[in-house]
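Consider the two complexes below, in which chain A is the common component and chain B and chain C are the respective partners.
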Partner chain A sequence: MIPGYITTNAPALLIAVPLLGAFLSPLIGKISRDARALWVLAVMTLTALIGYFVAFLVYTEGTLLYVFGATNATLAVPPDSGGIPIRIIFTLDAMSALMVTIAVTVGFAVILYSLTSDARRSGLEAYYTIFLLMIGAILGMVSTGDLFNFFVFLEISSLASAGLVAYKVEKGRAVEAGLKYLLVSTIGGIFFLFAIGILYGQYNALNMAMLADMIQWTPLDKLALVLVVAALAAKCGAVPMHFWTPDAYSMAPSAVTAMLVVASQASLYGLFRICFTLYGITLNYVTIGWVIIILGILSMIIGVTMAIPQKDIKRLMAYHAVSQTGYMLLGVGVGLAVLGDQALLNSYGMTAMEGGIFHIFNHAMYKGLLFLTAGAIIYQVGTSDLNRMGGLGHRMKWTMIFFIIGALAIAGIPPFNGFASKFLIYESVFAFSPLLSIIAMVVSILTLASFVKVFHSVFMGPPLPGNEQVREAPRTMLIGMTILAAIVIISGIFPEFFVQNLITPAAHALTDQAGYISAVLGGA
Partner chain B sequence: MVSATSLTSGFGIWDPILWVLAIIIGLVIAWILWSSGFSTYKKGTEQARPYLSGNAEPPKGEVHIRAGNLYWGFTEGLKGYYQRIVPLHTGIMTDYLLWMFWVAGILLIIVMVV
Partner chain C sequence: MRMSKIVRFGADVLFGAIVIFGLYVIMHGHLTPGGGFQGGAVVATGAALVIVAYSYEEVIGMIKKTILMAQESAGLVMFAGVALIAIGLGTTFFFNFLANSGSLFGMTVPFGPNPGELNTGGVLPLMNIAVGIEVWGGLAIVILYMLSGIGKTKEA
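So, the complex of A and B:
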């Protein structure tokens, strides 16, 4: 049985464990490299277990509140606070639980992979510390119910991510990519901070439920929303603010890149959370919905067309990450565009949102898998240049199989999970606008074409001179890939299970603004 | 027919189990056809060498079509598009920020006016 104090404080432990693990990691590393590896793996395993437990609590018992500093973990509004929830509050609903599940699953697979893939690098004491900080920050972003708290976790995530992008200092290109990421993140962070200041100045509150209860769509509220959308859309790599993505994704170690995908999705979560939960139907949902749809369509088209001519495997995959983010923006954007029309929301809006949210889950898994396969290839061949690869299918059979699974999933080929979410998006978006749905399908075809190119270039043909010594990736790297590949297959073959149990509750959590407010403020 | 594994969109149904079954049946048929053929392949003999219209086989490194040579027709066909879109990816940090400010500015106008 799990002790009561652990179950009661599980949301706090979700952040505390990776943070504590991060800061103790250099100390443990003084004992030996193996001790540090074991420590990092143990911390990530424990974080994952807590994450699954928290998600289980949310899915079985409803929205979970955790109030820091309160004697009672559910005492959100102190009696002497004038009705304002002044403490830091974690508010975990089904959408948060889904994001926690994604973060800990990818985090565990990536850490396992990273123990071998990055073992021969120097500076590992800093690497694992920053890595665990990044995971803790992502979990904080998706758990908090406080805007300023979200900003703090966003900053931690940005700093940690920039540090990891710049980790391979060779030739300075990684440092440049890290600097670009940091600069975009910093400006985005300032935008976000201004938005918080505007809202706080008007409503005297930072808690999202409290703000949602009071927000009025004044000109200042509009300005705050614009700043938030620009900041978080840039952070999630939406076109035309995606330029940092190929730089950062291609230069970061592959394990980091897989986690950067989740960090970007945490920003996407923030964008959706603020649009739906904080503003809800008070905003001009048709206009903002279309803004998000247009960002999505631009991301899909420009992402995939820029991917096709790329010659660097990770840069190509990075552009596909931009393109796939477009699907999420499209699906959820359509849901937002019809938010105020219950009939349309029931007819196709909720399905579009489910498709977009399911795509967040699926993308984290198959894109994480693809970046890990790219990392395994680079680990063995020593280059990310597709022109210098060929015939690796003879020697890296497992990596090739994992790549095929990831490639078919991202291209939306049945029966893998990418098809299931795209199926929901195609059908529901078609009812909204057939043209948008057709664009989404064409982008999928181009995605397949692009990954056929990668498959041919890397795995097909005779083994090239210079690649004679290439071997299959080490076992721990394969295990990391196996975890993600298994999820891609299982969620593709049993999509209804995932949709019913994880996705639909998440979509309803986003649209149920009143439920979120009452969960925090109750009868206050 | 809607089964426990069917994913419903409100407009259509997707049942991956049926798809998997169809793939398995297809693979079994393919295997039956393949196994009913003559097994005359001998590794390491003349049979294993590629036939290139009587020409000598070039070195292995030269026969593989590299990534840079794939889809040149696609990019050539969309040359007008790529000539406009690629130069936007300057790699210059200030340009990245400028795009953020442009987007924020345009968004502000849209949100305030509409």
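So, the complex of A and C:
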């Protein structure tokens, strides 16, 4: 059915299609705006199909390798290389496949949404190029098995995101947000590069599997880990490095904000990948696990308390994004803290990790949905100030329904998906430390309170003066939101299906360091 | 604002030399230090020199932004396209299918001390040329945009 050369080259096409599509879109934009819109949609559809196909291959056949520039795509260690994987190798295990699924799903929904929501702006030839470049970079970050290659994709995603954040200009405020994001990302990138240098100097390898095989936990390795955790925690917006998120998330066009959430999660993926796969059992897992848990708890509390007083709808949601990132750090951090103790890992560690990873999936969907609804409101009302919205429920019924779905999901109310993942986290973290679990529940309640406030001030009551003529968002924007809302509902009603088929393999892939190493280096 | 005749004449003379040197760095990327990015940047500084010597309005007449933008896209498409051809040939993305093939850039690298054989490297020179075209266009646009305000503030 699917030709063999596509099957073998699917991981490369996952990057090649969005990149080539991005570079061609300015040329196609010369024909007409519609041609460009069609082209961008076609490229994204193809990328999404390849992404799902790659994920399907990984989930059915196990870890997928792709060796760039070799005669054979699976020839990781050439016979004349002395047992060293010399080329850039894409290593897709179940965790990568999950992230690819998230990225292409959200990517497709936001591109569809963006074709209408951003059609009125100028400078679109660059906008879609950078947007596709960003999606390509995210896919590269989660697929690569090479540390330096990860850095390259991290930088591409940072630069592309900063460009998109600054895209609206907004009398310089958006440019300031973009510059702030660029500064944080660049400093993080330099930290990361320095860490790579430390590891490369010691072990003469950049391949993650090769490094994981040799890593010793020397003082230099500890330094490298500190740099990596700091850099990637800043990139994923964890407190105390969260200060760029409210600016960047609120100033970017809404479709971009939804994708920025995924970009942050790709950094989170990098953090987990390096902690679990690269260092694994050699690191002091109790300490590092607690560091990540504390980062998570701080993010949860500070994020939600900063969100409550906000008056700008997207700034408020941005602080909630910080808070929700905390849940992922908490869940996976608990898993890391008991990594060396197989009994504890089996009794609650794996469940906590599943909760954290499921929350990554859920967060991308409902947070993307919420940012898209905020974008639809701003598109129709022309302001992001909560005090100047009001009574929109009369006119924007569908947007209101999607907002309710997203808000209940983020607050962890059944039957939406946020409940499923948060429940996994509460239950397992309670066994680890009851206090942490209670904090997580309190943060959820505050989240609900905050969203009730937003819901009331945006949709309830009589329409404010000037808002009487507001109309429902255009259809393509609604379709983009429908895709995400449908996933929020389906994964909330059938969480078992998602956990068993997508999340549990991903959690096992993270803890299975030996499997990752042998997939690349052979049965060593 | 245009500079004096001496400066303009000097820029005219140097412009050719800069462009040729940049192209040299691009072409010899696989043999000597430098490559597509560095060579493209050298060529783009030629544009900066011309903008300094002449006024922005005059330069806009000489250099078309749309051509530079097309150049940027074309370079990147060529880069990805060369990598994609390898898949069409039944190997992997970025496979060096021209190296040692005897055709374009396909000579075997001579052994021992030698002045450097240009006709080697396979797809590497092609990639360098693609990156060179892209950086040339991209950086020249950046310079044009950044310097577009100069003349106006001087006159005010």
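As a convention for this text, the second predicted complex is superposed on the first by the 522 of 524 C-alpha atoms of A that agree within 3 Å, B and C clash if a C-alpha of one lies under 4 Å from a C-alpha of the other, contacts with A are read in each partner's own complex, and residues count from 1 in each chain.
Here is the rule we use: contacts are C-beta pairs under 8 Å (C-beta built on N, C-alpha and C of every residue); 3 or more make two chains touch, one makes a residue touch a chain.
None of the values given here were measured: they were computed from a predicted structure.
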item: Superposed partners chain B and chain C on chain A - clash or fit; value: fit
item: Touching partner for A:P26 - first (chain B), second (chain C), both, neither; value: second
item: Touched partner set for A:N72, first chain B, second chain C, both or neither; value: second
item: Chain B versus chain C as contact partner of A:V229, first or second or both or neither; value: first
item: Touching partner for A:E496 - first (chain B), second (chain C), both, neither; value: first
item: Touching partner for A:I302 - first (chain B), second (chain C), both, neither; value: first
item: Per-residue contact with chain A, leading partner among chain C and chain B; value: B
item: Touched partner set for A:S518, first chain B, second chain C, both or neither; value: neither
item: Which of chain B and chain C A:T482 touches, first, second, both or neither; value: neither
item: Where the C-alpha centre of chain A sits as vertex, the angle toward chain B and chain C in the overlay (nearest 10 degrees); value: 140
item: Which of chain B and chain C A:A16 touches, first, second, both or neither; value: second
item: Distance of closest approach, chain C and chain B, by C-alpha atoms in Å; value: 23
item: Overlap of the chain B and chain C footprints on chain A, listed as residue numbers; value: none
item: Partner chain A, residues of chain C touching it in the complex; value: 69-70, 72-74, 76-77, 80-81, 83-84, 86-87, 90-96
item: Residue numbers on chain A that touch chain B, as the complex places them; value: 179-180, 183-184, 187-188, 191, 219, 222-223, 225-227, 229-230, 233-234, 240-241, 243-244, 246-247, 284, 287-288, 291, 302, 305-306, 308-309, 311, 347-348, 351, 355, 386-387, 389-391, 414-415, 419-420, 423-424, 427-428, 430-431, 449, 453-454, 456-457, 460-465, 492-497, 499
item: Residues of chain A touching chain C in the complex; value: 5, 9, 12-13, 16, 19-20, 23-24, 26-27, 66-73, 125
item: Residues of chain B that touch chain A when the two form their complex; value: 4-12, 14, 16-17, 19-20, 23, 59-61, 63-68, 70-71, 74-75, 78, 81-82, 85-86, 88-91, 93, 95-97, 99-100, 102-104, 107-108, 110-112, 114
